[in-house]
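To keep things simple, chains are lettered A, B and C as they appear, and every chain counts its residues starting from 1.
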Amino acid sequence: MNQLQLKQLIEAALFAHPQPLSAEQLHQLLLSEGEASLTMVKGLLKELQTDYQERGIELVKVASGYRFQTRAELGQRLASLWQEKPQKYSQALLETLALIVYRQPITRGEIEQIRGVSVSSNIIKTLQERNWIKVVGHKEVPGRPQLYASTKEFLDDFNLSDLSELPDIDTLDEDDERTAETAINEREQ
Amino acid sequence: MAEQQSLPLGFVRGEPVIEKPEDLYIPPDALEVILDTFSGPMDLLLYLIRKQKLDIVDMPILTITRQYVEYVEMMKELKLELAADYLVMAAILAEIKSRLLLPKPPQEEDEEDDPRAELVRRLKEYEAIREGAEHIDSQPQVGRDILLSEVATDAREHVTTPPPEVTIEDLTLAFSRVLQQVELNAHHHIQREQLSTRQRMSQVIELLSEKKYVAFSQLFKRTEGRAGAVVSFLAILELVKESMIELSQVEPMSDIRISLRNRQQDESVTA
Amino acid sequence: MNQLQLKQLIEAALFAHPQPLSAEQLHQLLLSEGEASLTMVKGLLKELQTDYQERGIELVKVASGYRFQTRAELGQRLASLWQEKPQKYSQALLETLALIVYRQPITRGEIEQIRGVSVSSNIIKTLQERNWIKVVGHKEVPGRPQLYASTKEFLDDFNLSDLSELPDIDTLDEDDERTAETAINEREQ
């Protein structure tokens, strides 16, 4: 094997091996006796590092040996290869959000009373983390519960300039009631 | 064992062959290898034909049948676990042989009628497949001839799960579901209000959380026009109705002050 | 991103991603809208193939896309990095695979008829575990036997981008027969 072939062999080994390989390992595992000196292997590794200076991957030396890795500055862009699809929110969260939006300012107790079930702290936390709801004050009743309202970010995220742009479904007129009834009947069956 | 080893391993042009076929490596203690060497009766048959450097079409059925049966017999003698498939082929060969030996009317001497035709067709197809197997085996194979690159990357650390998306439709749907439930438990009543009124109520409450009180007039902005004034007024009325705020007037005709309910009372108590 | 950075990004993606990536996938997953055309991506892939012509690894196109792999002629030398020898497949397995590849879609019964021997369940299991074959349907004959076909993974694992890259075995005319004979003679030597 000539110099070029040896370099190709070392290069291929570093790419194929899942763990880093040291110069000693490469020398011992890959080359037959007397084929090349350890110094020569080290020289070829230096050459390879230079070869990859302008490429999307680089040959770096870590504690256990040499390995190829993607350039650090590309990590952010490469992440899109593994990007996951967003998940979905639960019905409970959507209903809580809807009540805060449509019936603000509203206390947790009031939400629970209307929905007939308790509101989990996780839902409130999630909505606050997304900056969609905020506490605007306290209701002056025993316990002084917090009053929740929607935020500007909520309007921004839903591409609204004003809450009044939301479809008005306050009024359950005759038609709606019939629909609601049908829906309930269906649900009960 | 000695007796069994003297069995002819095969026949070439009627002559028994005592030695094992030279091109087959058969360790003395492991004649099973014969079975392993051939992938089946078709393989053995093809081997016997090729051994005589003959073409499949010119297959001498009598010779081949005899040789084939010898092999099978030997395997049986050696008590090798013989696949039934080998016996099936022996039967096929025997049948062809007997049909060939039967005299038949001269007109019917037709290639189509050659009793070997079906076997020849099968052998040809099998030979083609053997060739295909060789083509596949000689392809560079991942794990054997080629290795895939495994390059370390920090990209996964940058992966962020985007938050779920909610559309306006999701929201209105959720709200109408709540309304339906409310209708079901008829004791709740959701009043009809404009959404902008509810929003203004939030704003008033927020403002009052920061300041002790605000002047009634401060809640009306000229830029919002008449509609804005109506919204503010409705919000104040609703907040009063829900006992969330209190209105007070220090002197007659002076500006009305708005403050959160109770807080003022608390303060007056401590004062 | 300029041309060079785009090339580095594509290069890094192909190295980091465990499965091959098609030009379309690279274009869609990696680049933001309007950043580069699909034609440009294909052009950069061609450039990369040229860049790696003299290296220990090469950029090849297989059925499911582009991937970097070690040069086939280095395989033997690289084997010394691993303790275990790669599995060698039996003649019976290869013949079964060849029948499924060349004569697909095919039933187990048809395979047995041509090979003159029953197909062991182990062989089918091994082929399925390697994802080289799959059931594509049922033959509408009594018993509705399953019809087997080869998969994309088969093509990938055998370094093929298309089945047509495999040498033909269909027509056994004079010439072919001579080739077949040569092959058998070689086998006998």
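Definition applied: a contact is a pair of C-beta atoms (placed from the backbone, for glycine too) under 8 Å apart; a residue touches a chain by one contact, two chains touch by 3 or more.
Predicted model, so just to flag it, every value in this text is computed and none were measured.
Engineer: Centre of all protein Cα atoms: which chain's centre is nearest to it?
Structural biologist: B
Engineer: If I average the CA coordinates per chain, which chain comes out farthest from chain C?
Structural biologist: Result for the farthest chain: A.
Engineer: Using Cα averages as centroids, what's the distance between chain A and chain B in whole Å?
Structural biologist: Taking the mean C-alpha position of each chain, the two centres sit 24 Å apart.
Engineer: Using mean CA coordinates as chain centres, what's the chain B-chain C distance in Å?
Structural biologist: So the centroids are 18 Å from each other.
Engineer: Rounded to the nearest whole Å, what is the centre-to-centre distance of chain A and chain C, using the mean of the C-alpha atoms as each centre?
Structural biologist: 34
Engineer: Provide the list of chain C residues touching at least two other chains, using ranges where the numbers run on.
Structural biologist: 12, 15-16, 57, 68, 70-71, 78
Engineer: Multi-chain contacts only, two chains or more: what residues does chain B have there?
Structural biologist: In chain B, 147-151, 153, 155 touch at least two other chains.
Engineer: Under the touch definition given earlier, write down the residues of chain A that touch chain C in their complex.
Structural biologist: 4, 7-13, 15-17, 29-30, 54-57, 68, 70-71, 74, 77-78, 80-81, 83
Engineer: What part of chain B is in contact with chain A in the complex they form?
Structural biologist: Going by the criterion above, the answer is residues 147-168, 170-185, 188, 190-196, 198-199, 201-203, 205-206, 208-209, 243-244, 260-263.
Engineer: With touch defined as at the start, can you tell me which chain A residues reach chain B in the complex?
Structural biologist: 12, 15-18, 57, 67-70, 72, 74-76, 78-79, 81-84, 86-89, 91, 94-95, 97-99, 101-105, 113-116, 130, 136-141, 147, 149-150, 158, 160, 162-164, 166-172, 176-177, 180-181, 183-184
Engineer: Would you pull the chain B residues touching chain C in the complex into a rising list?
Structural biologist: The contact residues of chain B facing chain C are 23, 39-43, 45, 50, 55, 83, 85, 88-89, 122, 124-137, 139-151, 153, 155.
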